Amino acid sequence: MSAAQLATAAGPKARVAGGYTALLIVSLLAPLVFPAYVTQFAFLWVLVVIALCWNVMGGEMGYNSFGNIVFFGVGMYATSVVQVGLYGDVGAYTAAKGGLALDLTVTQYFVGLGVGMFAGALLAVALAGILGLGMLGLRGHYFAIGTLGLGIAAAELAAGWDWIGAGSGMVPPNYPDAAGIDRTTVFYYLAFILAVATFFTLKRLRRGRFGLAINAIRDDEDKAEAMGLHTTRYKTVAWCVSAFFTAFAGGIVGNIVGFIDPRTVAFAGVTYGVWMVLMTVLGGKGTLWGPVVGAAVFHVTQELFWTYLLGWQRVALGLLIVLIVVFFPKGIVGYIRDKWPEKFGYTVDESATGAAADPAQQGGTR
Amino acid sequence: MSPLLEVNNVSKAFGGVQANHDISLQVADGEIAGIIGPNGSGKTTLFNSIVGAHPIDRGSIKFRDEELSRLRVPHIARRGLLRTFQQTRIYKQMTCVENMLISRPHANETLGSMLADFDEADYREAGELLELVGLYAKRNLQAGELSFGQQKLLEFAMALMNNPKMLLLDEPTAGINPTLINGLLERLVYANRELGITLLVIEHNMRVIMSLAQRIYCLAHGQLLAEGAPETVRNDPRVIDAYLGGQ
Amino acid sequence: MDNIQLLIETPPFALQLVIEGVLLGGIFALAAYGMALVWGVMNIINIVQGEWVMLGGFIAFALAQWGGVPSLFGIPVAAAALFAIGWLAYHTIIFRIVDRDLFTSILATFGLSILFQQLMNQIFGADVRTLESGLGSWYFFNSMVSISQTKVLGFVLAGVIAVVLTIFMRSSRMGQAIRATAQNARAARILGIDTDRVYAFTYGLNAAVCGAAGAIVVMAFTIHPYQGLIYTVRSFTIVVIAGLGNLPGVIASAFGLGIAEQYAGFTLGAEFQNAFVFLLLVVILVARNLKLQRRREVLR
């Protein structure tokens, strides 16, 4: 048997390729066709990214991280600090509370943005590695609540740190008017590229050793240890991967929103922090497409209906979490998988039944 | 030549209960040794001590002349000393093939190898071993869907996939359909003879252990009661006493 | 740093912080005891714990502010109301998650937590609220140490509630049933204990204790809609330090946490007091786990 035969049958290859191409074309054209909704589309991709990243921890590895928001916020702050710091004094800039505008040239702006996002991502990875040393030894409840503590602590620390603006927040540098292309469009495509990169990186990783190792940790960590798996290393790498892309998402959101508040934008536990969990569960945790589907459904629902709730959205959010977790824990893709397992490759190979009942016969029957 | 596994004067207590008291045993390279004893005699505790699931109070445990008693579970496993569980443990939401693939040896793991794909050889070996235990047809089913006996076979195949030097089996035939036991025995012997894996087996089924093991240790009340060839141990009056509740 | 020097040079300030910490710790102990109860009996980490405290506070606040009810009277009313809310929550949501995995129970109670936090924010707004008791303060050491009489009253009331609770758990039939269920739910069920009723009662009782604590908080301290989570984290920290079913341990750790918070707030600055609470939890969890790992175990 070959690797391809053993791997799950994903359906005819051409149809899959066609599906991806269609999605690509729609995504590329979306801002041209619906220019009024570019910002919303950009947010969709950002939500896809943070849900995918949360799924690595909560879905694939079974470590319910309420602390991923830390990397989101760190990425956001680090991006802006670098954007400002490359061409000015951060302390003076934040002290002016937006009164000190930085007029950057087009090149300066994009160099700062690029360097900033990568710096933020690397910082988040380093942080995940360090935090992981202690936190990832914790299991179950302890990890979940410990990371919840981390998320809020990060917000409180940022709100007390004057250099990055403390409680009054920080404003990323203004977008240069001379750029010739609309600001939101730029960030739409950045977010889209990020989402595509995240999706295919994770798709590739979940098929190999990394993916199966973190699945094994989810199913039975003691067994994985008894089989000699480097559980600590895998868990740390998983958190670093998760942190890497989440930090990019943070950097983009900071620039789209245009104002970084420590509690409600950067380390926003009640919005992004909860959303990433909810979207993943809604879509189906532990599946590849679940977070994508969940993010899309959630975002569309939110955009269409939530304005009618007149400030009661967050109450509805709490209710929604309870309802989904209690009544629909498998999520959309998980539900479909349970309903039609054979479509996901969970099949008995009839041709092989009865073969090799005798160990003496083994070898050479493939 | 020193034995492969050498347990010297190991004691372990849980609170006031002395689960193991001053136990010594040796297993030579390539042999099949058995451990018998009534329920609660400390067999599984001894296994847990050997593989590092808890600290021991006294004594030493050496595997290939290396002291194990301060190492932790995964480190011991990576040295080629593996155990299976009495309450069979497999990765329930993963398919059988995936269970097998992730059980490949992990001794030399680097960041590169962690992020790598499985290669053709991994798939081939997984398929072969699944065939060995008769689960090849069900390779793409989730392991949690298998019957208890099949899960036990899968766990055994996963252990072989890990390419261990020595395997500790905790009641391999418990809960398995009697008609399948002979097949399982053949596979154990195959692993021992053809793959060169030393076995230490806890077993309640006397017929199985007497035909399988070359040497048997009998535990009772946390202490070593008797050791020797199967015949000798079976006819030892102290062993018979312990089993029939003579005390 | 100046503040640290101040503490060393002026012992009465240090004493003041210790007293404030203990008075605060009394409240923490109540919430933590309730969390340990639910954790031990139902194996649920109740993330909505702090919201029960906050709800109790707002009920007492609303009664006193709009109903003219004396604030002391708000305590039993808040407790009764929260018992009803807890009982309802059990029969609508919690009973569905008792036997489910931890992911479900943590996330579902987390959802409830957001629900009530935002609900109170909608109804009362995000302002910080408190009730004036009209009581004064005692002064010692040339007024360097002041002790608010309201806080002392609150502390005494918390003590009374704890004593009543202990007697209830020891001697009443329901209390015994709760303890039996905590030890072995299946055995309790076989022996004819209606565990579903026990769970509902336990959950309601926990909410009631928190509600009473909240009514004390609004009197002696302050409340606002977003303070629930920090009470949850405090309770969790205390239970992690003390262990389940260890009332003296819970009380001691609660006082310890209260004092530590006061010191942190004073030396690091009040803006870092909350951060301290959350980071302390992380540090304690990690430290305990590292200690266990040396014994080849993990925190479970």
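Residue numbering begins at 1 within each chain, and the chains themselves are lettered A, B and C in the order written.
Definition applied: a residue touches a chain if its C-beta (ideal position, glycine included) is under 8 Å from a C-beta of that chain, and two chains touch if they have at least 3 such contacts.
Which protein is which chain? UniProt says A, C = Branched-chain amino acid ABC transporter permease; B = ABC transporter ATP-binding protein.
The model shown is predicted, which means the values in this text are computed figures rather than measured ones.
Enquirer: Can you figure out the chain closest to the middle, judged by Cα centres?
Expert: Smallest offset from the overall C-alpha mean is found for A.
Enquirer: When A-B is set beside B-C, which has more C-beta pairs in contact?
Expert: The greater number of contacts lies at A-B.
Enquirer: What chain lies farthest away from subunit C once each centre is taken as the mean of the Cα atoms?
Expert: Chain centre farthest from subunit C's centre: B.
Enquirer: So how far apart, in whole Å, are subunit A and subunit C when each is placed at the average of its C-alpha atoms?
Expert: A distance of 34 Å separates the two centres.
Enquirer: I'd like the Å distance between the centres of subunit A and subunit B, where a centre is the mean of that chain's Cα atoms.
Expert: That gives a centre separation of 41 Å.
Enquirer: Calculate how many whole Å lie between the centre of subunit B and the centre of subunit C, each centre taken as the average of the chain's C-alpha atoms.
Expert: About 47 Å separates the centre of subunit B from that of subunit C.
Enquirer: Which subunit B residues touch at least two other chains?
Expert: Residue numbers touching two or more other chains: 53, 72-73.
Enquirer: Where does subunit A touch two or more other chains at once, residue-wise?
Expert: Counting only residues that touch two or more other chains, subunit A contributes none.
Enquirer: Can you pull out the residues of subunit C that are in contact with at least two other chains?
Expert: Subunit C, residues with two or more chain partners: 293.
Enquirer: Quick one: which bits of subunit A touch subunit C in the complex? Just the residue numbers, please.
Expert: 58, 62, 64, 66, 134-135, 137-142, 144-146, 148-150, 152-153, 156-157, 159-160, 167, 270, 274, 277, 281, 311-312, 314-315, 317-322, 325-326, 329
Enquirer: Considering only the defined contacts, which subunit C positions touch subunit A in the complex?
Expert: 45, 47, 93, 96-97, 100, 102-104, 106-108, 110-119, 121-122, 229-230, 233, 236, 240, 269, 271-272, 274-275, 278-279, 281-282, 285-286, 289-290, 293, 298-300
Enquirer: Show which residues of subunit C lie in contact with subunit B when the two form their complex.
Expert: Residue positions touching the partner: 293, 295-297.
Enquirer: Sort out for me which residues of subunit A touch subunit B in the complex.
Expert: Residues 1-3, 6, 8, 205, 207-210, 212-213, 215-216, 218-220, 222-231, 233-234, 237, 286, 341, 345-360, 362-363, 365-366.
Enquirer: Residue numbers of subunit B touching subunit C in their complex, please.
Expert: 52-55, 72-73
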